[in-house]
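Listed next: structures, encoded as C-alpha cells.
Look for subunit A in each of the two complexes below; its partner is subunit B in the first and subunit C in the second.
Right after this comes the complex of A and B.
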C-alpha cells in the first residue's frame, strides 16, 4: 500500500493506493495519528485506488473519525470502488462516514 | 469433504478399519458468541433481536472471508474451523497472526460503532487444534470432532463481551508468524495480551494454559 498526500487550502487529502490490509494498516494509522497530534482536523481520504480493506483497515478509519469528531473537525471519504462500498455497507460504515462520489464533491463539503 | 461415519453393525470391524484410516486435520478452531442475545429475546421481538443478529453476523468479517469454514451455528454461537491448508491458500488473511488481528479489529469496530443498538458485542475463543478429525455422522454434513475442538468450547467459558480467549498453543503459532515477519511479539493487538492463566477444564485431563485479549 502507498499513501499519496496532498495539501489543499481546505483540507489534507490522503490517497490510499493498493490494499489496506492487516499487514500494512499501521502505515495509515501512524500517518493519521501524526496529523491528529499536529491538530490537523480536516482530512479527506481518497479511496479511488484502494482495492481491498480489511477489518483492521476499517478500525483505523473508525479511530480517526472518533478523534476528529471529538474536536469538531471533519473527516470524509471519497471515490469508493464498488467492492469497497459493499464492505462499508455491510459494516454500517456508510451510515457513520461522510462519503462522496469524487474528490471535487468531497472538497466542497469542507 | 468430511469422512462419513455410518455403520449399522455396532461391532463392525470395517468401521474400526475405516476409523483407523481417518487422518487428523490440523487447523484453527473458533467459537464466537454474541452477547446478551438470549436476554434480548425476552425483551424484544424478532424485528429487534433478529436485526441485531443479522448486523452482527455480517460484521464478523471472518465469516465473509471464510464462508465455507463455518461449521455450524447453534443459536447465537458460531463454530468455525479453518484447516491449515485452507488458511495458507487465502490471498488476504493467510496466517494465524492475521486471523487474530482481524478478529480483534472486528470486535473493536463493533464495540466502538457510534450508533447504539446496531450491533451486539461478541466474545471469541481460539485454539490451534492438532487432535481433530474432519468427520460427520450425518450424510452430506461437514463437521469436526476431537479433543481440541472440545477444548475450544471449554475456553469459551472464560469469555466475556469484547474479549478474545486464546490458548497458549494458538499463541505459539502467532508468535512463529511474527518471527517470520521480523515483527516483535507484542505487535498489533498482542500489546494487550494478558499474562497466562492455568485452568483445569471439565473433562480435560491436563491443565490448560490460556491468555485473554480485551478489546480497548
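Right after this comes the complex of A and C.
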C-alpha cells in the first residue's frame, strides 16, 4: 500500500493506492494520527486506487471519522471502486461516511 | 306437519339453487304430497279422528254400562233370593205346623193307652176297643197294635199282638203274632224296648201287617209285678205316609216346585215320584261335584234350617234351591225345592229385554257420535287441504275461516301465521342465496387471480425441465409455488404452505409472494434474503399466521442449487437410478413466527437426470373415506417407478393417484407439487474435484501467502475479480480472527486452509485451527450494520462480512479443532 498526500486550500487529500489490509493498516493509522495530532481537521481520503479493504482498514477510517467529528472537523471519502463500495454497503458505512463520487465533488463539500 | 315443512323448504331451496338434484328433490316432494293428501281423506276413514273417537266413546260406554248392568243384576238376584227364602221359610213353617197338627194326636193317644195299661189289673179288651175307635176316628192313623212281651198278656200265650187297621171305612182286627211274623225282631218293637222311650220308626212297607208304606210310632208300656215296673210291650200307631202327600202338595213355591219329607237317615218319606219312595236321598246325588253336595245334605239331615242351591240332585234334575227344616217331635226333615230358573225367570226376561234396548241405543249413539265428530273434524280436513296447497308453493291460499274460539281455530291461526313466516323466510333465503352467489362469484374471480399469479409454463429447454401443480381445496388457498429466472443463468424456485385455509390464507400467501419476489436477488445470499423476508412478515402479522417455505436458487449452468428450508416438508432428490434422497436439513423455523431468528442454507449439485421434488402436506395428508392419510410412501413409489418421465407427466400421475385415494371425500387441504429436473448440465465439469491446500503459521505475516494462494487458485479456476476480492476479504477476516483470539499460549500453531472446486462456479473453502472453541455462527452480528457512528464498536464487523458474502457456512468442532466450511458460488 502506498499513501499519496496532497495539500489543498480546503483540506489534506490522502490517496490510498493498493490493498488496505490487516498487515499494512498501521501505516495509514500512524499517518492519520500524526495529522490529527497536528490539529488537522479537514481530511479527504481518495479511494480511487484502493483495490481492497478489510475490516481492519475500515476500522481505521471509522476511528479517524470519530475523532475529527469530535473536534467538529470534516472527514470525507471519494471515488470508491465498485467492489469496495459494495463492501461499504454491506458494513453499513455508506450511511455513516460522507462519500462522493469524485475528488471535485468532495472538495466542494468543504 | 313435518312432511309439509321439509317439502316447502326443500322445494324453495332447490328452486333457488337450480342445481341438478332439484329434479330428484321435486319427485320426492310429489311423493310426500300424495301421502299428505291421503292423510286428509283419512279423517273419516278407518284411522280418522271421527271413527277413533267413536270407537273410544262406545268402548267406554260399554264398559260403564256393563258394570252397572252387572251390579243391578246381582242386586236384583239378591232381592229375589231374599224374597224366595222368606216365602220358602213361611211355607215351611206353615207346612210343619200342619204336619204337627196331624201328628200330635197320634203321639198323645198311645201315651194315654200306655198309662191306662200300667195298672195292677189292666183291662185289655177295653184298651183294644179304645185303639180300634181311635183308628176309626182318626183319618191319619192307619192302624194300631198292642204288642205284648212273651206271656205278658196271658200265661198261656207266648206271643200276642192284636192289631186293628182301616180298610174302606171298615175296621179289621187280627192278631199279628204268628211264627212267620216274629214281631219281637221288628224295629218298631225292638228299638222302643231298647231305648225305653217312644220312637218313630223309619218308613217301611209292612208286609203281612198293614200292607202299605207306613211309619210307626211306638210307645213302650209297663206293668207292676211284685212292685217292679216291668216292660210289658209296645203300643203302636201306624201312619200311612200317603196322608202327608196332600199337605205337601199345597206346599209349593213355584210352578214346578215341590216339597217332601225325609227321615234322619235320608230316606224319602213323601217323594214326588213313587219310585224314589224310601230311597236314600244321598244315592240321588249325581256324582259330579259330589263332595260339596254331600256335606250340604249331611247338614240338612242333622236338622239344620238352611237354604242352599243344588245343581246335581237327580231328584230335581235342573239347578234348584232347597229350603229345609226339621219337623218338631219327629225325626223328619221337611224340604221344599224349586228350580232356579223359575225363581229368576222373570228377572232374566227383564234383563234380556234391557240388553236389546241397550244395543239398539248403542247403535244409535254410534251413528250420532260419528256424525258429531265428523262435523268437528271437517275444519281440520279443510285446513289439511289448504296447507297442501301452500305446500305446493301456492302462498296465496286463503286459510279456511273458522269462527269459534276452540283449539281448531287456534290451529288455523297458527297455520296462517306459519304461512306468513314462511313467505318471509323464503324471501330472506332468496336474498341470502343471491348474496352467496355474489360471494361465490367474487371468490371465483379471486381464484382466477390467485391462479393467475402462478407461473404456468416453463420454457422448453434442452438442459432443464420443470412442472408444478396447485389444486386448492377451496376457491382460494394458502399454498403457493413459484419459479422465475433471476437472470439468464439463474432460476428461482419456491414452495410454501400458509397456516390455515381459504381467503385469509390466500391473502397472506399473496403478500408473502410479493415480499420474496421483491427481495430475492443474486446480490444477496439466499439465507439473508429469507431472514429479511421473515422480518418483514413478522412486522405486519396481526393474525399470527405463518408460512412454511422452501426457496432455492439454481445455477442453470453448473447445476448447483442453494436452497433454504424454513420449516417445510423435506424435499426429495430423485436420482436417475430411481434412488430417492430425503433432504432432511431444515434451515430455520417457518416465516412469520419470530422476528429474531436466523436462517442458513444448503447447496446441492444436480447431475444430469436428477429431479428435485417439492410438495406440501396436502399431498401426504390427503384423507380417504376411512380417515387414513395418503402418506409419503405411495408418493415416493410412484416417483421411483416413473422417475424417467418428464416432470409434467410425473405430476399428472401423482395427482391422479391422490385423487383416486380421496375418492368420495372432499379435499381437505391444498395440493401443491413442483418438480425440477436437470436433463444435462452445460458447463459441468466431469473432472474430479480439484483441491488446493495451504498450511499457515499463526502469524499475521502469513496473510500474504494466503492471499497469494487465493490469487493463484482464482486464476486457475477462473474465479472473477469481484468474487476473488470477496473471498480475500472472507479469508482475511477469518484468518486474523484466529491469529488474534484463538491462542492464549503464545506458542506456534498451524492453520490449514483448503480450497475445493466442487464444480465450475462453486468453491468450498475449509479453515481448520486447533485454537479454543469459537463458533462464529453463534456470534450475533445483527447490530453491526444499523448503528450510528457513536454506537458503532470497532469490532464484530469482520464476522458480519463473512456471513454476508458466502452462500453457505457451516461450523463444526472436531478433535479439538475449529472447522469452518464455506461455500461460495461465482
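To be clear about the criterion, the second predicted complex is superposed on the first by the 110 of 110 C-alpha atoms of A that agree within 3 Å, B and C clash if a C-alpha of one lies under 4 Å from a C-alpha of the other, contacts with A are read in each partner's own complex, and residues count from 1 in each chain.
FYI, contacts are C-beta pairs under 8 Å (C-beta built on N, C-alpha and C of every residue); 3 or more make two chains touch, one makes a residue touch a chain.
Because the structure is predicted, anything quoted here is derived from the model rather than measured.
J.: Quick check on the superposed pair: does A:70 touch subunit B, subunit C, both, or neither? Answer first, second, both or neither.
T.: neither
J.: Would you sort A:83 into first (subunit B), second (subunit C), both or neither based on which partner it touches?
T.: Second partner only.
J.: Check the residue A:21 against both partner chains and state whether it touches subunit B (first), subunit C (second), both, or neither.
T.: both
J.: Could you look at A:4 and tell me whether it touches subunit B, subunit C, both or neither (first, second, both, neither)?
T.: A:4 contacts neither subunit B nor subunit C.
J.: Quick one: is A:62 in contact with subunit B, with subunit C, with both, or with neither? Answer first, second, both or neither.
T.: After superposition on chain A, A:62 lies in contact with both partners, subunit B and subunit C.
J.: With the touch criterion stated at the top, can you tell me which subunit A residues are shared between the subunit B interface and the subunit C interface?
T.: After superposing on chain A, subunit A residues 21-23, 52, 54-56, 58-59, 62-63, 66, 90-92, 96 contact both subunit B and subunit C.
J.: In their complex, what parts of subunit A are in touch with subunit C?
T.: Residues 21-23, 51-52, 54-56, 58-59, 62-63, 65-66, 69, 82-83, 87, 90-92, 96.
J.: Can you list the residues on subunit C that touch subunit A in the complex?
T.: Those in contact with subunit A are residues 700-701, 703-704, 707, 721-722, 725-726, 728-729, 732-733, 736, 784-789, 792, 794, 797-798, 800-801, 804-805.
J.: Show which residues of subunit B lie in contact with subunit A when the two form their complex.
T.: 55, 58-59, 61, 64, 92-93, 98, 101-106, 108-109, 112-115, 118-119, 181, 188
J.: Can you list the subunit A residues touching subunit B in their complex?
T.: Residues 19, 21-23, 26, 52, 54-56, 58-59, 62-63, 66, 90-92, 95-96.
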